[in-house]
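Shown below is the structure under consideration.
We call the chains A, B and C, going by the order they appear; numbering starts again at 1 in every chain.
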């Protein structure tokens, strides 16, 4: 029979506990794997972040910076078509060239970044605030509410999301605001599950029990004991989700459901530029935003991973 | 065991029921109705009213729901308003396409991710590992709608090695079929490789630090044997779970490549139906897809109870 | 049992034919490179073990005893480890062998019992399989033969209904049972020497005794040498032929068991013995814990490493490190400038002043209440 030691092995115990909530423990397992990934097999710790990390961070910074300050920066008008300069390659007048309507690609790229960034970061923020906090409390307290919420979130996650998103966007209209809210709401069950799994794992640890025996209130325990431990998972997973939302915006654009042209977004720039005719005539229309999106996504994932490596406190035995 | 299965089956029923309600409600949120598409030029108010009555769309929602649900119980998911195929037929023709896509892409993904993770986990954070990990992030940054057009431009239009569109059923001409499926499968594979590799890698690294690995070494077992027989097994669990979720979401998630490559799969049919307000098709497909997702998770859970002796089966 | 013939390049003589010591450890150093510096976990240890004998290695946590055991086996991490010194086993130099050759030794001639059977047994494999692995690998058995031998091995370590239990998983067994399984695994191929690393930590006292008795019995049957690594003097008191006391990576005393207990020379050894609570003591008597903590192995102090905690430390002790030497009988070695004579110190005790928090009060730090 499993002894007490077994119960305090967080992986197996949360598996057991997750099985008491009779839906799949799948995401939870994936979360806990991410969380307890003791990466460094070396004895050396505290490696510096590395060149790539700083490069990635700078890139994200530049994108953010230029997107926020797009109005102030010396950019061309993204919607103005220079009819005499269609499909030009990069030049001193147009650093990244022009598209098939003569519009400056660089300007469209920078303004388009806004859509991706807002959808990504704000959407995740919504998910964190609502889903994350619910998960935090739910994982700690357990009980019937937890079981119900968990089952509910599982059902929502089972639902083919495209249908919901497409339906709602069609119904409500495709504006940046609407899309952000819809995608934000879509991340709520995801955040809930992931953070709940993490909170659950920590809630059984001895230090929480110790805090209780010293008379700490539940609020205090959640905020002071569990939350600080859950933050690494939160940060990593949030970054991954930002990347995911940026991709979804692109997919929506692919379906014609993102921000309406001529307003640029990286998604619809790529989509526009991919149409058969344009791709052979002027591949740059598609390639510039594709590369930008690629680099941004890659950077976000890298940052998330390096942060996790650095701040992941190993649980296992050395 | 019997008890376990019964419980799972009951859960499946409950979940299916809830999903059916959600699906139904959601679909009827859409503005407009199929009459516009069906009537086309004959779209007058009077005709619309007649058509609505004919299709039973003027009944109160709850009534429509019960009609639909009871029909579904009998295996009748309804008929498309537009082309009069039965939803079941649409699913039956679309399923092989989507399933084939999923199978090929996942096999590719495992074939790349597993060996790579096995090699890399023995010497973490060295040169090869860093290169692999960084490259994997790149894969994560290549969603299908970016990769697919590029693949088509280079390999189909440019080099002419693969067809850009078109689908021939496997039963008809297997070689052609595979030939057509390669580019779309590759377009989907990137994300899966990244997820599986990173998950397996981190799991293997932490497993390899456990005492029982040192003990296995002390028994004189070779490194290869240790990796495969001792380390891979416990580490494969999270991989299994992730695969369950990944595959579950891919069932309808293949719509991007299906649309791009003109493959008549489930995703393609679903998206089209949404645009055309073909309610019954949307409802039927969504319901089936969602239930399939749940069933897959249950299967994964079940496999867990077999494969991982520590999991308690109530 | 026949030895595996294919692929073996190393020859090992049969049991009972060894001339001279079975294991010779000569000036072994093992250090780990860490971010804070190089940790000198084992700092110059030498000893030997003869066939069929039991050696006890005793020390606190951090004394380097586990690292020593792993160094002897060669089971250290592949990087950031600095090693020197040699280990000879049955005529072969282990320290000069690569992993490929070592794998012929591991499990077959030299095996290890790990400290925590819960983490040392693969949680997702049946215990029968884990035993059979070694048998198939080293003794060329087929699966069927290995399976039935595994059952017999379980029986020999005292596990009831072995035919059924052989299919069990580790988590289904109690701590004592798991440890028995570990012993079965370690002894499966009849090795010449077994390294038992804290084989009884975490077990009930009664179970401890059973395990140790079992080990001793099997040892007698097979003419095996055993090295018992432990922090518990009680474990080695009646079971070891010789005992080595380690402190801060070094050997501070070595003697046959009887001599160690009756003619202790090192104050540290004395303090270890005194720290064992005795049943006969009236309740309420304070525990005689040794004040302070082991030294930092990155920058060990000059002079005797125990000096900061030693109640009899003199200036000479703090200035220069006492060598390991012998006076009189050649088998009793110790490293102390002022060794105890007849159990008493030749120098007056000085109260130990240590900044680290200490459990007992200032009056109990050594040989005061004998």
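Throughout what follows, contacts are C-beta pairs under 8 Å (C-beta built on N, C-alpha and C of every residue); 3 or more make two chains touch, one makes a residue touch a chain.
Because the structure is a prediction, the values reported are computed rather than measured.
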item: Top-ranked pair of chains - ranking by C-beta pairs in contact; value: A-B
item: Chain separated most widely from chain C, comparing mean CA positions; value: B
item: Chain occupying the middle, per Cα centroid; value: A
item: Rounded Å distance, chain A centre to chain C centre (Cα mean); value: 51
item: Distance between chain centroids, defined by C-alpha means - chain B, chain C (Å); value: 55
item: Gap in Å, rounded to a whole number, between the CA centres of chain B and chain A; value: 20
item: For chain B, residues contacting two or more additional chains; value: 210-211, 308, 310
item: Overlap residues in chain A, where contacts from two or more other chains coincide; value: 2, 6, 41-42, 317
item: Contacts with two or more other chains, residues of chain C listed in rising order; value: 119, 171
item: Residues of chain B that touch chain C when the two form their complex; value: 210-212, 214-223, 229-230, 233-234, 307-310
item: List of chain A residues in touch with chain B within their complex; value: 2, 6, 12, 15-16, 19-20, 22-27, 29-30, 33-34, 36-42, 47, 52, 151, 154-155, 158-164, 166-168, 170-171, 243, 247, 250-251, 253-255, 267, 270-271, 274, 279-280, 283, 286, 290, 293-298, 301-302, 305, 316-317
item: Partner chain B, residues of chain C touching it in the complex; value: 73, 75, 99, 102-108, 111-112, 114, 116, 119-125, 133-134, 137-138, 169, 171, 185
item: For the chain B and chain A complex, residues of the former touching the latter; value: 7-8, 11, 15, 18-19, 22-23, 26-27, 29-31, 123-125, 133-134, 137-138, 140-146, 149-150, 153, 157, 198-199, 202-203, 205-206, 208-211, 237-238, 241-242, 244-245, 248-249, 251-253, 255-256, 259, 267, 270-271, 274, 282, 286, 289-290, 293-294, 297-298, 300-301, 304, 308, 310-314
